[in-house]
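Here chain A shows up in two complexes: once beside chain B, once beside chain C.
Presenting the complex of A and B:
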């Protein structure tokens, strides 16, 4: 009887140790991904093409700005005319969002679970667009290593912290070479909801960057592709851009 | 007609010239839209109203340290009858009393209307922004109504539709992420008759809340003398508070003010609400509005109904609004809003917005009222709207 208790205790301790080690490895990988993906600041131009189940397409063009290692960001739409001048300001790593509608000259503040809403009708929600700190928003568990499209990758399960995003969990693949994310699956309580594929990696100002991001929505059978037209990391955007006051002003 | 055409040619030329003053290349954009409205009362024939609107926007300059111009001119043309019967919107008792006063419940429209919707010069420097001209002065986070916005009115059936600008001089000083002091003067016939407003706002990053205090002193002409049913002009002072943020995962907002009136009783108006997006993407919101200005019990007085008809003032003690919105497809959004009055009358407002092309939208929406005929939403009216918009 004593032996059985001892074996059970040793087994339990081993399991806890393994889990803790896996968690530590997961956290270390989150830290590496954060280091690889976080940029002090950026200025770019991007397109966002929505493709519906029936094959209809809508393409939006916007200028993007980020600073404070992605803690603050701004998307300023330039095309089509229907939304030209509209802006999305994200602060606190995407926890706070303001949407400025130029034609009505009004700003709306989105907070809480409202951030789950689709941004501009795309397959990206406001919280998907935020570039916050992974280590702040998730805890991670290392699931293993494998190869994805010829690239050696680690596979992580990332679970949101209590104040983190609204997903149940993510499965994330990141390269073991450059530590950049290659694929992310988004799960809610019902299962797999969306998949993000990052591709077309190019080096700009010494930083490797995914020039294409495709988000597939498995519930709607639709997808949205965000392509980078140009991006640079060598110029800090004017800090005033990341204020509510600047939303109604043209961008220099 | 020729002189009117000449006058508006001059206005357009002035817009372009003003844009040129800024030494920057003016940007032109706008849209054309056609709206058809059908009102189907329970006990009479339907009424059709159809209108075309062309909006032309001009923008030039306005960057830091540079003089800028923004404006738009609207060309509005009604294709249908110009005398709109307002009887279906009013309780029968009110219509009877109006007729006793020699007033017909009819709204007469102009066949065509060309107007400067917004047109203002703007100058930004070191956190200061000066705007002079006709402009938007919309304040407040409320969805169905904005008690702290004393310059514009919202339509309950179409609350997010653009509103006509107000002639004003406005100076803003902004600091930090959301700090703002705004001072507004809306010139009247004299300095005493002019409108003045002040707004002090900040973003409290520790809790993620936008908070603002507003103060107004304006000449109010949004009510009628209850005895003689004549438009009443009086001074109105107001002190307001608003906030937006999140609480327990919900988006929350509140907006309200207290109004000191020169001729009528002082009153308060408050609106507050919350919204949430469910896992399946269904967006839900609820908003409650308390209206301390109008009579609380039915039958509401004719002066309240006339103020509603003429100035868009709400009738009754307020409402509870419940709403939901869902992206049916990537290009189609459906929403449903219900307004519930304490007098047990209701209005249901379904809406469907379809992106029919990269630059074209179709919107179908309706208002349907239920309940007693003397309530805030007199039962038995179905109004349907179809709007096609093409942007350029």
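Presenting the complex of A and C:
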């Protein structure tokens, strides 16, 4: 009997130790990913192709600007004409969102609950698009190491902090070589909701960047692909761009 | 042929024909008159249900649903401006309701019922939205409430737009009408404010397309269309005539018809007329071909007359057994022209040969019937057997075709064997009376040497011929098995350009849902409510009509009543406002902003039933990126910026306020909607005719479900939610799948029967060689189908066993003649193909004329049947001449 109690205690202690070590390792990996993915600023042009449940495709082009290591960002649509001139401004790491509609010259502030909803019809939500501080938003647990599409990766379970995003948890795969995310699964209370695949990595201004991001929405059976046409990290965008007052102004 | 080997029946017919030709013909003529009279009673039934297996659960369920609830099988589509369409619909709907044979006409929705019980019919979520939206019963207040609601629910949330898509779209159609009436009031001060208020609160009453340019009126006949009875078809024609006559007086609208009724009538029109024209054309072509071959204008008549007799007998028999002809048996006449002429051709050709060889009349006839006649008999029996094999089919259409064609071939054989000999005798006697000798076809004795040479060439090079054929046949088999797709879309088999067919595609595009419903019947109204809620969340579902939409859930009555009492109190205590023009203008401007934001959200998210409706209101055009200033919202804005318009605001708003002050409390009444107070239109649309406690859910697909992948998607989603359900489109798939199975089984059975008959006829395995060119021809036919991009469909599949039955004849005749002849094998091959080759070429040509004429049907499914048979007969002939001699070389030892 005593032997059984001893064995159980040793096993429990071992498990606790392993879990703690895994948690620490997870946090370390989260920090590495944050360092690899966080950029001080960027200016780029992207396309967003939405494939709806019925198989219809719509492609939009926009210019993107970010600063303060992703804390502020702006998407300015340039095509098709229907939405050309419309802009989405995200501040405070995506906590504040404004939408400017050029046709009616109206600026709307989106309520907090909007952030977890789809951004302009795509399969990305506003909080997916905001590139906040991973370590601030999640705690991570290392689930293991494996190979994904020939790339050695770590597999992490990221659980949002109380003030973090609305998901229940994420499963994230990041390269052990460059520490960049390769795949993220988004789970809510009902299970797997979306999957993000990052691919076509290229080096621009010394930074390795995913030029293609595909988000599959498993509930709607739709997906959105965002392709980067061009991006640069060597020029800081004008700070005025990230103000509500500048939304109605043309981008210089 | 040795005189001793002539069978007794052949000699008997020959003797009777020579000694009693007139009497024989008179008796046959009397029988033919009786059959002709009987054939006159045949009815053409183009209903697809007739083609389904009678006891298939889907067919049984479909008939049951349609018998209980009726089917909206006649759809009147009116195109024009909204008010013109509505005026026309209001004119025709009462007339249509009065027509005998009409059970129900669905026109305007029961708006008054909705205005009486509106709040009590809402689900809790929508109920509380309404409480907030309509707390101020003034025009400005209601618009403010709507704007607040849009901003809470939709302007920044495409998920909600997607979830509520149809409700939003139909609500916006009502808002469009309301804004139009407001704009008309401000511009001329003469609009019906109450109509605007009703539209704003209860939506657009008529079934309008999303572009507001088409309006549908749906008619449910008393007699279900599946019965395809005279009454059902007659009603369709009457509706078309009545509405058409009224439309002629209203050039501002354009009217067209769709639904299974009008499609059925269009099919009848295209098939009925064409059948007569094509038969005439086939007769003329066959006659000309025969005249050219026999170098005679008279002899072809003798060949064709027995055929006509056989066809009349066959139609008479069909009238007795089935009473009607269906989409497959309607082609029987053409099939028999193509096939039956072969019988007469072989006999006439051989008779002429024997007369040319110096035999007297009786001997020539006896030799002809006992020799070639036996080949004809075997060929005819194999063809009939192949057709009879189709009777194994579960599908009624294929079964009827199998029986009718099999019996038709047998009757034609009998007609030819009994009618042709006395006719040939009378012809000879006529010449004899004039002291002349009946002329014979110039090539009667020597046949056609070219075909003999080709056959001899093949005989001498068996390895080359067989290797080439194996390679070619293998390639054809591969592409036939893997590369020829199946046409499941029923509409693609219909005549091209038919409005009733094209509308089937246009309606889903313009309305965001199809007029072809799936049906689910349940016995519990709350089950119906739950199913509707879940079904409407399915992406492939366009909308769901359920009686639960009109009946308050008991649990809501106590929950809603106190809230509505206080809402009514709040409304009553609200002072009648003095409308502030700028405040009203602000709300209209805000409405435009909100609608534009929703429109962009919907456009980007692919919520395609919402943004086109909004764009009509705002005047924005995606293609040109410009705004039409005559659209209702820009026009309203212009009026508010115009002195005269502003001057009318107070009066117009007062009229709207008065109506709202009456309508909103009425709508907030706490009396529930119940089954007892349902409007008649709802009752007739969703409750059983016999008054039993069952409830029907009509599930409209979002897109046209004639495409199989769309149907599969729709079926799967509905089945996941509700289990088994039925739809017309699904029944077509059942029919196609069943026909595919029947075609496959029929082909195998036909092959089996052919094997047995060949073994029996040739008293050994000798005749089985004829199967090789038959299969080669069938494979080449499939290869050409692949090359020309043809698809399998439920009609042309039946061509495969038919080809097996027909194509075997060529080989049978050639082998028969080969065995009769003497000499070296190569000499026998050359002689057999020279003599019989001419006949089989001619018979193949006439059969191809018969089947080829079917290819000219405007109905594409039937045309493909004719085309496949045309190719099949052609390739079987080619394979017989080219491949059979090589096969004979391999399997037959040269006796010399």
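Keep in mind that, in the parts below, the second predicted complex is superposed on the first by the 237 of 252 C-alpha atoms of A that agree within 3 Å, B and C clash if a C-alpha of one lies under 4 Å from a C-alpha of the other, contacts with A are read in each partner's own complex, and residues count from 1 in each chain.
Everything below uses one rule, namely that a residue touches a chain if its C-beta (ideal position, glycine included) is under 8 Å from a C-beta of that chain, and two chains touch if they have at least 3 such contacts.
No experiment lies behind these values; they were computed from the predicted model shown.
Engineer: When the two structures are overlaid on chain A, which partner does A:120 contact: first (chain B), second (chain C), both, or neither?
Structural biologist: After superposing on A, A:120 lies in contact with chain C but is clear of chain B.
Engineer: Taking the superposition as given, does A:176 touch the first partner, chain B, the second, chain C, both, or neither?
Structural biologist: After superposition on chain A, A:176 lies in contact with neither partner.
Engineer: Now for A:91: first (chain B), second (chain C), both, or neither, which partner does it touch?
Structural biologist: first
Engineer: On the A-aligned overlay, A:99 touches which partner chain: chain B = first, chain C = second, or both, or neither?
Structural biologist: A:99 contacts chain C only, not chain B.
Engineer: When the two structures are laid over each other on chain A, which of chain B and chain C touches more residues of chain A?
Structural biologist: Looking at chain A, the partner in contact with more of its residues is B.
Engineer: Applying the document's definition of touch, where does A:250 land relative to chain B and chain C: first, second, both, or neither?
Structural biologist: first
Engineer: Find the residues of chain A that appear in the contact set with chain B and again in the contact set with chain C.
Structural biologist: Residues common to the chain A contacts of chain C and of chain B are 50, 52-53, 56, 58, 80-82, 103-104, 106, 108, 110-111, 114, 117-118, 121-122, 220, 222, listed in rising order.
Engineer: What part of chain A is in contact with chain B in the complex they form?
Structural biologist: 50, 52-53, 56, 58-59, 80-82, 84, 91-92, 95-96, 103-106, 108-118, 121-123, 166, 188-190, 220, 222, 240, 242-246, 249-250, 252
Engineer: What does chain B use to touch chain A in their complex?
Structural biologist: Residue positions touching the partner: 29-31, 57, 59, 61-64, 68, 118, 124, 127, 129, 135-136, 138, 141, 160, 162-163, 172, 174, 176-180, 203, 205, 208, 210, 244-253, 275-279, 281, 283, 327, 329-331, 333, 355, 358-359, 361, 391-392.
Engineer: Can you list the chain A residues touching chain C in their complex?
Structural biologist: Chain A reaches chain C through residues 50, 52-54, 56, 58, 60, 80-83, 86, 99, 101, 103-104, 106, 108, 110-111, 114, 117-118, 120-122, 220-222.
Engineer: Going by the contact rule set out above, which residues of chain C touch chain A in the complex?
Structural biologist: Per the stated touch rule, the residues are 155-159, 539, 592-593, 596-597, 600-608, 620, 622, 625, 702-703.
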